[in-house]
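Next, two complexes with chain A in common: one pairs it with chain B, the other with chain C.
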Partner chain A sequence: MGFVGNTFAIVKKDLLLELRAKEAISIMVFLSLLLLVVFNLSVEIDTENVSRLAPGILWVVFAFSGILGMGRTSLSERDDEAYLNIYFSSVNMESFYLAKVISNLLFLLLMEMFTIVSFVILFDYERLIFALAPLSLPLLLGSFGFSVVGTLFSFLSTGSRFGEIILPFLFLPVVVPILLGGVSSTDIILNGSGGDSPAKWLKILLVFDLLYFCISLILFRYIIEE
Partner chain B sequence: MKKDRITKILLVLVLLMLPVNFYLIFQVAPTERIMGDVQRIFYLHVSLAISAYIGFGVLFVSSIMFLIKKNLYWDTLAYSAGEVGLMFSTLVLITGSFWARPVWNVWWTWDPRLVTMLILWFIYIGYFMLRKSISERLKKARYSAIIGILGFLDVPVVRLATKWWRSIHPRLSKEGGGLDPLMIKVMLFSLLTFVVFTIVIIIFRFRVAWAEERLYSILNEMEEYHE
Partner chain C sequence: MLRLLDISKTYSLKAVLRGVYLELKDGEAFVLFGPNGAGKSTLLKIAAGLMSPNTGRVELTTDSHSHSSIFYIGHKNGLYNELTVLENIRFFQDITGSRNSNTILREILMEFGLWQRRNDPVKQLSQGMKRRLSLMKGFISGADLLLLDEPFSGLDIRWKEIILERLRGLKKQGVSLLMVTHLIKEGLSIADRIGLLENGILRLQCKTEEITEEEIKEILRGGVCR
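And now, the complex of A and B:
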């Protein structure tokens, strides 16, 4: 099998595993639901301010639920040192990393869809559903960035003594540009703030994604090399 | 031994420059018309910021070198410079806060430069947390090198993103024409002093750290020998 074949074989394995065990996705989905409830209890959200608060709440939920879920998927590779089987097989580490990024991206997108639907129901904010088409681009770019950094860092953290505890400390400061880009473009799309176009924020997301994807692809092999 | 001599010369130089620098800042530099004496913090604050970036820059380059050469020498240099950078960035945040209170009337504001420095500060806190959580020496070096590289690359992106977000920080380059020529001279001297100062403490920190590394490797060998 070539690079693409290997990559998709691993993605398929991850999806199959997730379909049976439902570990990462259940962590993400329930945490995002819980966070929405906590937000509602701690911040008074009503029909007046919901559209102003929605971008921030959504992206904080995406980041936190996402990072915990991604920690879980790399932990399942660390269990019984399963990833070493891949390391010693003919699969190169770049295709392993790419596969992990793709499967994490899929889990993230699934969680985000679930969060958005829950948000609409819990906060009675139907506008979000109708804005889904223009929102898809920032969601896709933001999630890809989350996945690129999260996949790499979750492998770092699960190899350390502190485990997943350390993951938010590494992940959140680095993804600040994604949070800013995601929140701002979502805000522009939902509220049309100042007649701005979300294009420049999408550019930031794109630059971040490309930069971190290329560098992480090179760096990933140094984590596995035991 | 030639290296030793250079270090000594730098040390003497910095010991002479530091008092002169403080004299210039507090006695020679004119008092700013609007901000008053508080403005003098700025000579230290800007210099400290440059020093912090030097520390993180050295960490970045040594991290790359470590991954290429696989020599713990580079990792030792990386974390020595990282510690120095973290110390200076902490001081930048503190001095900035002292300046902001009388001038902007707040202790903290979400300005791009402040946010960038704060985010960097968090990234390198994470860097040292990760180091602490791994006991195997080479793994520690490899993992932290990855953070050292990715963390530093974040600087321009965070900077750009936060700049679009909001900005009230005084812009040096644009207001440069308004600064008193004497102020600019004091500023430049302060910058130079701190650059030399940073280099000297990175060298000294590195030498202690490298001596520790060698000591541990000798101890390890001895243990293996006894077994």
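And now, the complex of A and C:
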């Protein structure tokens, strides 16, 4: 099989594993719900300010829940050293990395859909549902950026004893530009913010996505070999 | 085919391997014996490219150093525990490009005593079954060089015999074997040459017919090399 075939085979395997184990999705969904409940109880949110607070709350939940789930997908490879099958196969490491990015992206998007629906219910903010179409681009670009960085760092950290603790410390500072782009573009879409266009922030998201993707693609091979 | 030249490895200032030279020809089986902590597994990992030596180098003259020409089976089985036996094998075949017809796959699974359990998740299998499945991957990988670290662990006497027979078959097909085992009798029955590793030094390398099981045991008990 070629690059695409190998990538597809690994994604298919990841989806099957997740369907059986339900580890990544359930952890992400549970944490996102927990965080939303905490925000609901701790921040005074009403119909006046919900629109202003929604972008920040949503992206914080996406980032924290996402990183926990992405850690699980790399652990499934480390458990029993299953990744060695891939290492000693004809699959190149770029294909392996891309497959893990796609798998994590799919899990992130699922979690984000769940988070958005939960947000609408918990904060009684139906407008979010109607804004889903324009929000889809920042969501996709932001999630891709999270997945690109999270996949790399999850493989880096799962090799260490305190991997799951280290992971957020590595991940969160690096994804600040993605968080900023995600929050700002979501804010513009939901609130208008003085007639600004989200295009500027989407471009920033795209640039950082590409930058992180290229760097991670190069570094991933070394992380696996280490 | 495989040459390990002046390999040295140090862990936390402790020398694990000291100037090891080892050459393995096409279709040859080399079995490494040695007491616990002698550095056997480390040497195997270095040969597999999973670890870098501090000094020395590994020369592999097959298929332009592609990982697909070698396959390593370590202490762990490299299996996805949530997937079934068949799913593990199918995935492995997908990424190694070694997909067999259903009839051949059925025959192989029957030979390894796993046909009846083909739809069971790997986590439900016994240790011996997991080991057989792991070895089966190595056998169907199509690799020119198999690196096996304690391949018989968890196997009963019947399965040891079957696996040995399979290994002999692979040798006849020109596959090279570099194996680490504590089982002297089994090791001698498959080896063309053996090596004795002690405190990171390859004390002895000889043809199988030049040494007896008793002599190896005597050396391992602390006797002197001839």
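Here is the rule we go by: the second predicted complex is superposed on the first by the 225 of 226 C-alpha atoms of A that agree within 3 Å, B and C clash if a C-alpha of one lies under 4 Å from a C-alpha of the other, contacts with A are read in each partner's own complex, and residues count from 1 in each chain.
The criterion applied here is as follows: a contact is a pair of C-beta atoms (placed from the backbone, for glycine too) under 8 Å apart; a residue touches a chain by one contact, two chains touch by 3 or more.
Remember, it's a predicted structure, so these values are computed and weren't measured experimentally.
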item: Partner chain(s) touched by A:9 [first = chain B, second = chain C, both, neither]; value: second
item: Partner chain(s) touched by A:67 [first = chain B, second = chain C, both, neither]; value: neither
item: First, second, both or neither for A:212, with chain B first and chain C second; value: first
item: Partner chain in contact with A:82 - chain B first, chain C second, else both or neither; value: second
item: Touching partner for A:102 - first (chain B), second (chain C), both, neither; value: neither
item: First (chain B), second (chain C), both or neither touched by A:169; value: first
item: Contacts of A:116 with chain B and chain C, given as first, second, both or neither; value: neither
item: In the superposition, chain B vs chain C on chain A residues touched; value: B
item: Touching both chain B and chain C, residues of chain A; value: 225
item: Chain C partner contacts - residues on chain A that touch it in the complex; value: 1, 5-6, 9-10, 12-13, 16-17, 20-21, 76, 79-82, 84-91, 225
item: Sites on chain A touched by chain B in the complex; value: 149, 152, 156-157, 159-162, 166, 169-170, 172-174, 176-177, 180-181, 184, 200-201, 204, 207-208, 211-212, 215-216, 219, 222-223, 225-226
item: Residues on chain B engaged by chain A in the complex (per definition of touch); value: 67, 115, 119-120, 122-123, 125-126, 129-130, 133-135, 139, 142-143, 145-147, 149-151, 153-154, 157-158, 160-162, 164-165
item: List of chain C residues in touch with chain A within their complex; value: 48-50, 66-68, 70-72, 74, 76-83, 87, 91-92, 94-97, 121, 137, 141, 143
